[in-house]
Amino acid sequence: MFMYSVKHQRASSVAHVCELLAAHPDARPLAGGQSLIAGMKLRLSAPSLLVDLGGLRELTTIQIDAQHVTLGAMVRHAQVAQSEAIRKVIPALASLAKGIGDPMVRNMGTVGGSVANNDPAADYPAAVVALDAVVTTTTREIAADDFFVGMFETALLPGELITAVKFRIPKRAAYLKFKNPASRFAMVGVFVADFGSAVRVAVVGASAGVFRVAEMERALGRRFHAASLDGIEVSSAELLSDLHSQAVYRAHLIAVLAKRAVQSLTESGSKP
Amino acid sequence: MATISIRVNGTQVTREMEDRTLLVHFIREGAGLTGTHVGCDTAQCGACTVHLDGRAVKSCNQLAAQANGGEVRTIEGVANDDGSLHAIQVAFRQHHGLQCGYCTPGMVMSALDLLRLHPTPTEEEIAGHLDGNLCRCTGYYNIVKSIQTAARMMAGA
Amino acid sequence: MGIGLACFLDKAGTGPSANLASRGGLHGGYETAVIRVHSDGKVSLFAGTHCHGQGHQITYAAIAAQRMGIDIAHISVVEGDTDRIPFGNGTWGGRSVSVAGTAIFKAADEVMAKTRRIAAHVLACDAAALLYTKGIFSNVAGKSISFANIADLAYHGANLPRDAAFSPGLEATAFYDPPDSNDPQAMHLAVVEVDADTGVVDIQQYFTADDCGVLINPMIVEGQVHGGLAQGIGQAMMENVAYDAVSGQLLTGSFMDYAMPRADSMPVLKTTFIETPAPSNPLGAKGASESGTIGAPAAIGNAVVDALWHLGVRHIALPLTSEKVWRAMAQARAEASAVPPVEMAIRPPGPSSHTRNGFR
Amino acid sequence: MNDADTPRVIATEGIEASTVEDAQYIGKPLLRTEDRRLLTGKGRYVDDVVLPGMAWCAFLRSSHAHALITRIDTQAAREAPEVLRVITADEWAAADMGALTVVHPMPFSDGRPMNTATRPVFARHKVNHVGDIIAAVVANTREAAQDAVELIQVEFEELQSNVDVAKALDQATPLVHEQFGSNAVFDVRKGDEAATRAAIDGAHKIVELELRSNRLAANPIEPRSYACSYDASEERYTLYATTQQPHYLRRSLAVYALFIPEHKLQVIAPNVGGSFGIKGNFPVEVATVVWASRLVGRPVKWTATRSESMMSDTQARDHFTKARMGFDADGRIVGMEVDTLAALGGYLSNFAPSIPGNSYPQTITGLYRTPNLFFRVRGVYTNTVPVDAYRGSGRPEATWVNERLVENGARELGIDVVDLRKKNLIGPQDFPYRTLSGRSYDSGNPPLLLEKLLTLSGY
């Protein structure tokens, strides 16, 4: 398929992006474009203008301090996957990035694009929620738990642009993904993050959007061990059934992946 | 319409094309280099893989305008300047790493990207890296072998 | 762990045409080849098949060059142009080498018979007494003439006897209708491991033994085995065109939903061959392209049943997706509720939930 | 040539043909001559062909599996910028054009001819699968053609659909082609039903399975593509086509579909990027491309997008089978009974009926001595993309049935799966071996092949 006619304009600054988005209500910011362009080619969306963020170097920085890893919105997945510094502080984040799509997609796709798109089967929302991140936009800061609203829906207002995502560095964390055999998106992805004081478990791929599993979080908060998850079942009532998996199987996979994620963090000799 | 100018295999190519033109169509129709192929429309098959500013990308999944001012290397730019085959091309031939040849340019460009990052990959790393490249003919065995051999040849060069 | 076997056969090089017609077929089973020697002794070889990845050029050239005793580099293979090539039936059903290859073989013989006649005429001896090696005919007297020189004479036309057997030019067309199809056979052995928690089937090792007659180019034949196998593994493990049961909508409308094997889907593989010549063609060749797709679903299906037989699993439908395998295990356990459930082993995770082995 | 006794593990590393002495080329892993071209991006596939003044074709395809077409309005598309021509079934019919022909029909066992509804170039009045072609647009650019396709307005009256092969012949299942009064295409029976039943019923062990062979898409990575130019002064067509059977494509177009003298149509198949069967049958789009090149007086090209391929390339397999196999106490097969429903799609493609009707039963007993065989195969219409040849064509379906029965037989008898196979394998001395499925196997040595496999695998 070939996309509908569209205008392309490269933005020179974040302010310029805001200007263009304000002037063209049906404009879309274009980050890496790995989902947006693909969707436009299938004629699933038809913005009149694409505001290309590709030239905005100020959005490509990775900042790490004692508590946080902050990724500029235009940081590519490959950058995260290959970053020694990130691998040192949140290896799960680097490994999540390394599992997105394929090498070519990772060379183009961006954190900001993925988070703003909020594909229910995308990986990043799991990290954002489990790592209790803050999404910084051109106008405000949004807590992870408030950011993802529904399928492909976020708290972003028209004209608002993500500029960075600030992840909290956990004591330990792991992300495991059961790949859809065709698309390589997550059929189920489970991100477990242990902050010492609390544990966060975020699931993607299984329902209309990322969600947390409170019962698992409480159990792991009491004792961070795979056995703590014994008997905890995720209800399949709200989960997706589609060509690739029925809800019941997704629910089962969540339990299995969560256990394996925890186990990978508690097994002797394994890295934090 | 937009004026798009991209350096393709060392030659500056400037064309007036619709904004919606994909990079792959700029390469195939604008630059006239048809070695880069289109095999799907959802960025799964990787037949369209080229290098943009040194990194492998799927040229069917971005606008030519996004690459404006950039530098693209395609399969036509892989062989040595004297016309002899690059080590990776020699290895693909040696190991029967191609059959119909349609996915091959994307495979080669993707493999070169891997060898840039990991000059001595294991079989498992190679197979993992080819996640974005579908081949329907070879069963991948000879492709993986080809890339391993190319790695050895390139290290020895 | 499970081991699965499949023993099976293909039917290739369908023919003769009359046999097809007797079953209602409106198309033939023959194939066409033209061997055209040019005036300098170089050769264009035209075939009515069409290559789409199988390496016809080198395979056909090998047959012609060996039969003609000339350098393979002196042969160009031409396919895929109805204005240049006599009517051919094309490439399908594992027929190109056994049928078109034989047409080439026969055209080569016809060209060489004439070449020999001309050589005998020039060297003034009996054709049967000529020795032919390395592209040169020689007689007992030690006089000789090269293949290229004969071609030159044939196209000059001036110094040939005025006899139909010595008409100018040097080319032959063969329409070859095989007397029978051939029956390539193969056997597969798959070793799988089933993840008891998730139902993920990991094909750990795969072994194939093929008897596709005489191998003209073993590198290419092995490539055909590999490629077919990937598609067979695809049918076994993941490929499935799905339609909505109610609306009839195509659910697998793109590569986002139609899963196919990738490099990391392939198991460790070992191949072997025996060569029982096909009796119906002088090359002894049989079809070699389909064994992978034929045997893999059965071998893998049998291996998974082997792995789960003790649970009471007797059959799982294709493709063997992890969910189906998981459900089969769960159902078998439920049905055998008297039997205590097998403990769910927790396995350490790999880089993703689904790791693969390397290659051989 | 190797001794049949000598197993050969092949080195995949090829050798340069120039290193071979004395023209002994057969049996050598010679490197391919086309690789240099294909590895440097110099391959030439149909979509690489650009003809001077070339226009583009795009198709409007049915989004419904089964529906009546109550109205088609092409006016907006015809008036859209850059559009040269809009074609529908009415124009095709008005021009007295032909259709695809099934080149390998299968009858009913009682002698009636099969129920033939061939795949049309344009669906008229009714669509029978998602992807069925309703109209074509020819325009100056690919994008304009695609844009104009969306301007064609079609009103449908949706019908209930029939997509499950297992239910295709059920009383309640809607008919794809009303005129036949059934979804059956053909019904082939072979073998001695009573003797086979008796042998199986009296067997020491009976294995019975319901098996499905899943529906597949061949998906060569190169999508189908056709580019045709028409020379009015010579009334000659030159067609570049993704095909594995150039002459048959010419014949289909010339003799059955467009009635062009064969000498006025040149088919060129350049590099073909994989096919596996699907580029062998007659692809309906090509007829439109060739015809349109004359109608608009310019070269016309169509290249499938992958989404289009998924709903228009012929698909494969899709069988539902009930099968039984009986064994004696030693594990010898005493009989096999097979009843298969094979989906052929919404229409018949060229070779479709012969795949389940002929190739499938011919290999159903595999390499095992089977003293009693009865099989019944019924081809059926469903509201799905037409089915045709794909690598294996009938043999994978047959092997799936045969080998699953043998495997479960061994397990239920408690006989080692290898031992049971050895007992039943055809021996080298049995060739040529005539089977009850109607085939004579030419040559082979199955026991040796099994030994080689077991040695190789260290079983």
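As written, the chain order gives the labels A, B, C and D, with residue 1 at the start of each chain.
The rule is simple: a residue touches a chain if its C-beta (ideal position, glycine included) is under 8 Å from a C-beta of that chain, and two chains touch if they have at least 3 such contacts.
Given the structure is predicted, the values throughout are model-derived calculations rather than measurements.
**Student:** Could you tell me which pair, A-C or A-D, is linked by more C-beta pairs in contact?
**Tutor:** A-C
**Student:** Relative to chain A, which chain has the most distant C-alpha mean position?
**Tutor:** C
**Student:** Can you check how far apart chain A and chain D are, centre to centre, with Cα atoms defining each centre and the answer in Å?
**Tutor:** Centre separation, chain A to chain D: 42 Å.
**Student:** Can you check how far apart chain A and chain C are, centre to centre, with Cα atoms defining each centre and the answer in Å?
**Tutor:** About 46 Å, centre to centre.
**Student:** Using mean C-alpha positions as chain centres, tell me how far chain B is from chain D in Å, no decimals.
**Tutor:** Once rounded, the distance between the two centres reads 31 Å.
**Student:** Report, in whole Å, the distance between the mean C-alpha point of chain B and the mean C-alpha point of chain C.
**Tutor:** Chain centroid spacing, chain B to chain C, equals 28 Å.
**Student:** Going through chain B residue by residue, note those that touch at least 2 other chains and give them in order.
**Tutor:** Each of 18, 20, 40-42, 44-45, 96, 99-101, 131, 133-137, 141-142, 145 in chain B touches at least two other chains.
**Student:** List, in ascending order, every residue of chain C touching at least 2 other chains.
**Tutor:** Only 52-53, 55, 219-220, 222-223, 228, 231, 242, 252, 254-256, 258, 260, 351 qualify.
**Student:** Among all residues of chain D, which ones touch two or more of the remaining chains?
**Tutor:** 12-14, 31-32, 34, 143, 219-220, 272-276, 305-307
**Student:** Take each protein chain as a node, join two nodes whenever their chains touch, and name the resulting shape: line, ring, star, complete or other.
**Tutor:** complete
**Student:** Which residues of chain C touch chain D once you look at their complex with the stated criterion?
**Tutor:** 3-11, 20, 23-27, 48, 50-53, 55, 57-58, 61-63, 65-66, 68-73, 77, 79-83, 85, 87-93, 133-134, 180-183, 185-189, 191, 205, 207-209, 211, 214-223, 228, 231-232, 234-235, 239-250, 252-255, 258, 260, 270-280, 283-284, 289-290, 293-295, 297-299, 301-302, 305-306, 309, 314-315, 317-319
**Student:** Help me check something: in the complex, which residues belonging to chain C touch chain A?
**Tutor:** Against chain A, chain C makes touches at 197-198, 237-238, 242, 251-252, 254-260, 321-323, 326-327, 346-349, 351-354.
**Student:** For chain D, which residues count as touching chain A in their complex?
**Tutor:** 142-143, 146-147, 150, 305, 307
**Student:** Going by the contact rule set out above, which residues of chain B touch chain A in the complex?
**Tutor:** By the definition above, chain B touches chain A via 2, 18-20, 22, 41-44, 46, 49, 55-58, 60-63, 65-66, 68, 110, 113-114, 117, 129, 131-133.
**Student:** In the complex, go through chain B and note every residue touching chain C.
**Tutor:** On the chain B side, the touching residues are 40-42, 44-45, 96, 99-101, 122-124, 126-128, 130-131, 133-145.
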